[in-house]
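Per-chain numbering from 1; labels A, B, C, D and E assigned in written order.
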Amino acid sequence: MKRISQISMVALLLCFLPMLSVVSEAAMDHDKLLKDPGVYATFAVFKMGEHWWQMDHEARVKAASEMKKVFEKHADKLIVDTHLLRGLSERADVLVRIHSKEMVHNQNFLLDLMGTTMGMDMKNTDTFNGITKTLNYVPSFPEELKGELKTPPPQGSPYVIVVPIRKDAEWWISGQDTRTGLMKEHTDATVAYLKTVKRKLYHSSGLDDWDFITYFETSKLDDFNNLVTGLLKVKENRHNRRFGDPLLLGTIRPLDEILDILSR
Amino acid sequence: MKRISQISMVALLLCFLPMLSVVSEAAMDHDKLLKDPGVYATFAVFKMGEHWWQMDHEARVKAASEMKKVFEKHADKLIVDTHLLRGLSERADVLVRIHSKEMVHNQNFLLDLMGTTMGMDMKNTDTFNGITKTLNYVPSFPEELKGELKTPPPQGSPYVIVVPIRKDAEWWISGQDTRTGLMKEHTDATVAYLKTVKRKLYHSSGLDDWDFITYFETSKLDDFNNLVTGLLKVKENRHNRRFGDPLLLGTIRPLDEILDILSR
Amino acid sequence: MKRISQISMVALLLCFLPMLSVVSEAAMDHDKLLKDPGVYATFAVFKMGEHWWQMDHEARVKAASEMKKVFEKHADKLIVDTHLLRGLSERADVLVRIHSKEMVHNQNFLLDLMGTTMGMDMKNTDTFNGITKTLNYVPSFPEELKGELKTPPPQGSPYVIVVPIRKDAEWWISGQDTRTGLMKEHTDATVAYLKTVKRKLYHSSGLDDWDFITYFETSKLDDFNNLVTGLLKVKENRHNRRFGDPLLLGTIRPLDEILDILSR
Amino acid sequence: MKRISQISMVALLLCFLPMLSVVSEAAMDHDKLLKDPGVYATFAVFKMGEHWWQMDHEARVKAASEMKKVFEKHADKLIVDTHLLRGLSERADVLVRIHSKEMVHNQNFLLDLMGTTMGMDMKNTDTFNGITKTLNYVPSFPEELKGELKTPPPQGSPYVIVVPIRKDAEWWISGQDTRTGLMKEHTDATVAYLKTVKRKLYHSSGLDDWDFITYFETSKLDDFNNLVTGLLKVKENRHNRRFGDPLLLGTIRPLDEILDILSR
Amino acid sequence: MKRISQISMVALLLCFLPMLSVVSEAAMDHDKLLKDPGVYATFAVFKMGEHWWQMDHEARVKAASEMKKVFEKHADKLIVDTHLLRGLSERADVLVRIHSKEMVHNQNFLLDLMGTTMGMDMKNTDTFNGITKTLNYVPSFPEELKGELKTPPPQGSPYVIVVPIRKDAEWWISGQDTRTGLMKEHTDATVAYLKTVKRKLYHSSGLDDWDFITYFETSKLDDFNNLVTGLLKVKENRHNRRFGDPLLLGTIRPLDEILDILSR
């Protein structure tokens, strides 16, 4: 019964909270933080440890409730999206995506999160750090392609895919013009999927063992499979030293639902 | 005695359930889901944790029975095949193959499965996700080869092999005609084994760190060894960046038998 | 005292049991199974878990005795050789080599083995599967080399080495004649060691993440080091994508001695 | 309340201790050790184990206090900087950077550290060893570039990044002149960031599985991302067999604050 | 106080025991075993497990004393050197180097060692096996270089470095003359360090996943860093498929001191 009322409450909240994020609207311009350049993102990935599953139901519900307060405490400094990987990715149960104006805010939030009873039982299996930047190649693209790229992305998609990428040395050394040409071909392959796949790019060189973190939302995984297959077929793919590995597939779900699933 | 009666019951069930799947015939068109394009498959691989083996027999039997109900609960939304890897693959004990019309059904089933007492003691060592699609290269093959491919596959085979595959960038960039030529050579090498090896292909690009999940059933592992050796000898093999690793070998067994073996 | 009498009993048994195998002579043609093509072999490698070492001596002796019965129970269906890796290979303590006419016999034996009290405390760190086949390249070798290959191998050697091998794509694609030429050069390099190193080859493509499992017995590890160095110097070595990694070095010891060492 | 007073004390200490190091000024020339060639550095990286998080708060505070005394005990022989990785790097919680005149001093300090109650619960996930040397390529650079390199680095930066590097064989074999040319191009790319990113280089060949440990401090992670992207674009990047993996990102914090966070 | 007296006793022993080895002089020709060809060496590397650190001080002292007796028991068959890696290598705490005339002696010693209370709490993280052989390339070197190589190595050095090496296929296939030329260039680069770095070479092909285990002792780690940098600059380096990874750095310490440190 408790679980049903929690879910209802979440459903209610969702009408007011775009992107299922835990955020105080009053305290921060949510849209701005998700669209501006110069924003720091941390993707923290966790797997519940064995000890967690040996706790009884009541203790887990209490611990989940304690963790929820950490999200509220930091809501004026950052936006946090929560995703459930459990069942679809063997590496982890939960993916927390954090946006803020300073990386140390992300760390301080995670210190509090990992310092709760529940957090102490969570194994931090992956962490990706990135920064948002203004578009690098698009300004040099033909006008027609620029127009296509203004297609509004889908909203309220249930699936999330995160693909960290590391380019090879030749990519970086080949020069801006060469890269722009390759990226135009890459971008052409994405046009057919702009309506069904929402994308966001983070730059990671020097902040992590990756060059880019690519983040996708969609309700059509068949389209997403076609999109990625299309991207594999362009010459820029020769310069992906690593593409995923780990790729993370999950569903976008509100914090309450995720905590409920992990506390059952 | 209990075990014998369980196995008998399973033997009885097998007369009515093709492919040893746990499925409510009334609720879903089983054959259609296994043959249609656009079906989502999740291969979830588990190894029992140390805690499981320290539980006493009775507690394990009870936990196995609880898990069985999860299979029944979701039977109207998905088809689940169960395979025993224990003894033949060091990575895992059990492979569960799930088919449904939406990936989130697979996740919800696995959330329930992993949320049982037994599930909490299972380590999720690998998860492969894929989607079925219409044939890509076959329509361009010569009529004679198309005819050969209509050979009915074997039924009721005891062995299962799963080989996830990742192609290199040159494969994808080389173009449809080049790939069709290479795949014809590949397919020619399989003709001699169509009668003894059943095959099924899943597309994984963007859904996992693989491009394809290949699934095989056979009663003749010597034929299967010859088939794979034949496939290694065609030029398409140059483009397998990863072929297996992990390859999974196991036996197809009904859920009841697997639960019985793990509860002994 | 108990240990001494166990070892004496084993010494006695050894007069009648070639190859230190646990087998009922009446039930199965031991030599045939070790020499025929079409025989399935499973190399199961185990490391005792932490829990085992925390059990007291008496409980471990009892558990070892329970495990021994599993070997006896399956003796009519398979031949099992036991090897002690502990001390010489960091990956594992014990290597069990199983031969039978059907892979499922190997699995059923291992299910029983891993289902004992001792088995539940064993971590299955590696499993290699293979099949024996008739000689592939030897029929095309010169008569003189064929004659050399009839040298009787050494008997009763104390050391065992297992080297799993994966060839590269070029090896398989290069054609039978090219491979025969390379294998002749390879075989020439082994002639000097036929008297001191016994060899056996298993084919693994499609049954495991390897193409071959090579198995060696010797009493002269210096000769074996020279043999391998010789094999590294022939051109066929260019096509070993993996050679060992893990290579396993151990000693051939009867089951009773191994159980005794692990129960001390 | 206890925590606040600890932090205040640290704040007070910071006025006298440049670089947040725990060091007895009287006992050792701090600046000299951080600038001289021939100084041995050990980067020891730790993750708190599960057992730690199951201890109660009071026991953890006591254990942290015991650990602090180890830092004081060795303060006359070495300089230790402490960094908090927790939240920003999945591999570890804490990075300790040690400088001394003899590697065995570093080991003896770490033996004491790891021998405390807290240390016994810390998993040593990475250790990098290096030695400082006089500049290798700079003496051959043009005067103008030499002048630029005299730009004073930033002080009191909150972020730390450690990137271990392994060069390929061609780098080392290519000769001093070739390497000097490549390093001039590399150094040109760093000039724009000398004011916001502080750098320090350690040589590791033969002391660890790396050739160099590069250490950075900055308050502007966006600048650091641009700096690394610039370095990826020069030809010397072709010779980085490994660049990071693991790269470590964290914040520079005094020991007391780190111990406080881990004891909460 | 107890610790001080143990260390004094060790210091006394050191006057009579070259190389800090635990050996009965009467039973075996120590120098001969360390210099002869055809001697088998096992490098066994251990990390203390979590259970060890949870035992109380007294129990650990008792367990260490039990382990010491194993060294004495086998002293007539082998020479054992002990090294402390803890603090300088994240992989392990202790490295034990064993020399004997038969590999099975090394195994039997390690079986006893790992069978003690302390041994059961040690995780065997790496094991390297090798054999000593007569010099391969030196006989073909110029007389002057041969003369240089007679420089007496340093004695009583505190630091130990172990670098396992695997060569590529081209190295082995290139022929004895080519390899001799490359090894002369390699050896020339070592001459300057013969006085400060002591070296010993073991052949591992077929006994482990390496071709060579190189072992070094020095009191000057700066010289050792220069030596390795010099070796990276010769063309033979192109043929090192793996050089270290893991490289092990530690200090040479008598068994009693190591046991004392681990029992504190």
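The rule we apply is simple: a contact is a pair of C-beta atoms (placed from the backbone, for glycine too) under 8 Å apart; a residue touches a chain by one contact, two chains touch by 3 or more.
Note that the structure is predicted; figures quoted are calculated from it, not measured.
J.: With a step meaning a move to a chain it touches, how many steps does the shortest path from chain B to chain C take?
T.: Steps on the shortest route: 1.
J.: With chain centres taken as the means of their Cα atoms, state the distance from chain A to chain C in Å.
T.: Using C-alpha averages as centres, the distance is 48 Å.
J.: What's the distance between the Cα centroids of chain D and chain E, rounded to whole Å?
T.: About 30 Å, centre to centre.
J.: Based on which chains touch which, is the overall arrangement a line, ring, star, complete graph, or other?
T.: ring
J.: Can you name the chains in ring order, beginning at chain A and moving first to chain B?
T.: So, from chain A then chain B onward, the ring reads A, B, C, E, D.
J.: Using the touch rule from the top, collect the residues of chain A that touch chain B in their complex.
T.: 50, 53-54, 84, 86-90, 158-159, 161, 163, 221-222, 224-225, 227-229, 232-235, 237-238, 240, 244-247, 249-251, 261, 264
J.: Can you list the chain C residues touching chain B in their complex?
T.: Counting only chain C, the residues touching chain B are 38, 40, 42, 44-45, 49, 51, 103-104, 106-111, 114-115, 120-121, 124-127, 129, 131, 167, 169-170, 172-173, 203-209, 211.
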